[in-house]
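Residue numbering begins at 1 within each chain, and the chains themselves are lettered A, B, C and D in the order written.
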Amino acid sequence: MAFLDDTLEVTSRQHGKVTVIDIKGDVTTFADAKISEAYTTATEAGAQQLVLNFHHSNYINSAGIAILIRIVTSCGRNGQKLAMSGLNEHFQKIFRMVGLSQYADIYETEEQAVAALSS
Amino acid sequence: MRRFWSPKRTQPAEQPIELRLPSTLGYEKVAMDTVATVAARMGFRPDQIAGLRTAVSEAVTNAIEHGNSGIRNAEVHVVITVAGNALTVRVRDQHYRRFNRGYGYDRPDLERALQGEDVGMGMWLIRQFVDEVEWTGVPGQGNEVRMVLRCQ
Amino acid sequence: MRRFWSPKRTQPAEQPIELRLPSTLGYEKVAMDTVATVAARMGFRPDQIAGLRTAVSEAVTNAIEHGNSGIRNAEVHVVITVAGNALTVRVRDQHYRRFNRGYGYDRPDLERALQGEDVGMGMWLIRQFVDEVEWTGVPGQGNEVRMVLRCQ
Amino acid sequence: MAFLDDTLEVTSRQHGKVTVIDIKGDVTTFADAKISEAYTTATEAGAQQLVLNFHHSNYINSAGIAILIRIVTSCGRNGQKLAMSGLNEHFQKIFRMVGLSQYADIYETEEQAVAALSS
């Protein structure tokens, strides 16, 4: 069933010292393996600044938020800086409501997030 | 750029999605919207989805206007099945009245329509926009339109 | 500019729209989409619709993961009622298990979550985005979440 | 039930000699009274060139097409020129399939339709 399949694409790339992890699609419980692996790979490569860049993520549920909370925790432990970008208004609001925005700055665009982490 | 994968999930059994609607004009829009969002998530092209919207709208409108006409508190039952790349939509009504206009094989006669004659075009429109369509009726029960659209 | 009017139609009885979904994660998206399109046609604001999507998604996910967990071929039943400016969505599952986390009155404790604790936030999220919500359960039958959102 | 209510807005205005009838919303059986009245009013006022301008009409069904066929018939009887504009691709295609485009030229924009009828 196509619409139940994994409709999430996670890729990562470097932007100077900043690692940008692009997250395209549904952020639900099924996103765990991909997002965690992308984070672990970046960390093993020595990433100190990370941006989670959401594109067209029209669907993030509480299980997806729980994944992001675990990334925040790991970043804290590993002394990494974390920012998020590309969230639509609704999810920016939810991230603020939940308090996630205290642990990872939220920017409209990837460029703003990269600039902030680079400075 | 590095790409990350999740382990493949097992496919669930092909249980359908079922929608029951009041037999009132206007509610065909709910069927049309629901099928369209399922089709969009399956990856159908926008023009296929637009066609499917028309097909579902005409089928549900026929169920309301013909199949269920005169039945109080009737409902329209829409059964949506996703199997691989095929989307099947069944529209069922509660009455049985024989289909009487050739199941939409012929292009509606616009000349006659322009003379003021009432030429049906719902079934013909459905035929234009789906890969497969079948009308069946069970005396004393109801009619069913079964439409199949395939992705790619 | 001249404006034209049609005679007002009589309002149909408030028969609900019913949706039955396989109890499989992923299908909550169908519920979310269907409710969102009904809400859009009712004239809700985009931010209200976005909130309703989250509320419905969390309610259906809970039905699948908690209410129906361990039941083979279970289904989730979503009943959508439109009455005036109010949209009511009921999400029903088939099992009965007492709700055990305070019905989402408290903001999820992010500090504890950051310590690795599993803090639920579904019910709390639902509460943030609807005007009214009620959780009820019938022993031996199932749980129901009733959510109401009002237009304007 | 708000979404069953009449969600169609029909208005009309003059553009030089051309009468533009704006149709916003669902074109179904419930559109009949409004569209027919707008046409009749324009005709009684002596309109010789008419544009049916569809905006955001994401829903036109066979009952709506039947209404438009009756307008085409009346225009023929009354010796009026008729054009249509603002239809999305799907409905342009349907109007061509049904053959309606032989009786009323179909233009992308209102401006094109008005220009064609004015010339």
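Throughout what follows, a contact is a pair of C-beta atoms (placed from the backbone, for glycine too) under 8 Å apart; a residue touches a chain by one contact, two chains touch by 3 or more.
As the structure is a computational prediction, the values presented were derived from the model and not from experiment.
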item	value
Any chain that touches subunit D and subunit C	B
Subunit B and subunit D, separation of their C-alpha mean positions in angstrom	27
Whole-Å separation of chain centres (CA-atom averages), subunit A against subunit B	40
CA centroid of subunit A to CA centroid of subunit D, Å	49
Where subunit B and subunit C are represented by their mean Cα positions, the distance between them in whole Å	26
Two or more partner chains touched - positions in subunit D	1, 3-4, 30
Of all residues in subunit C, the ones touching two or more other chains	12, 24, 26-27, 29-30, 38, 41
Which chain pairs touch, all of them	A-B, A-C, B-C, B-D, C-D
Sites on subunit A touched by subunit B in the complex	1-13, 30-35, 37-38, 41
For the subunit B and subunit C complex, residues of the former touching the latter	12-13, 15-22, 24, 27, 29-30, 33-34, 37-38, 41, 73, 75
For the subunit C and subunit A complex, residues of the former touching the latter	24-30, 32, 47, 50-51, 53-54, 57-58, 61, 107-108, 110, 113-116, 118, 120-122, 125, 128
Subunit B contact footprint on subunit D (complex, rising order)	1, 3-4, 26, 28-30, 59, 61-63, 65-66, 69-70, 72-73, 76, 88-90, 94, 97-100, 102-103
Residue numbers on subunit B that touch subunit A, as the complex places them	1-9, 11-12, 14, 38, 41-43, 82-85, 151
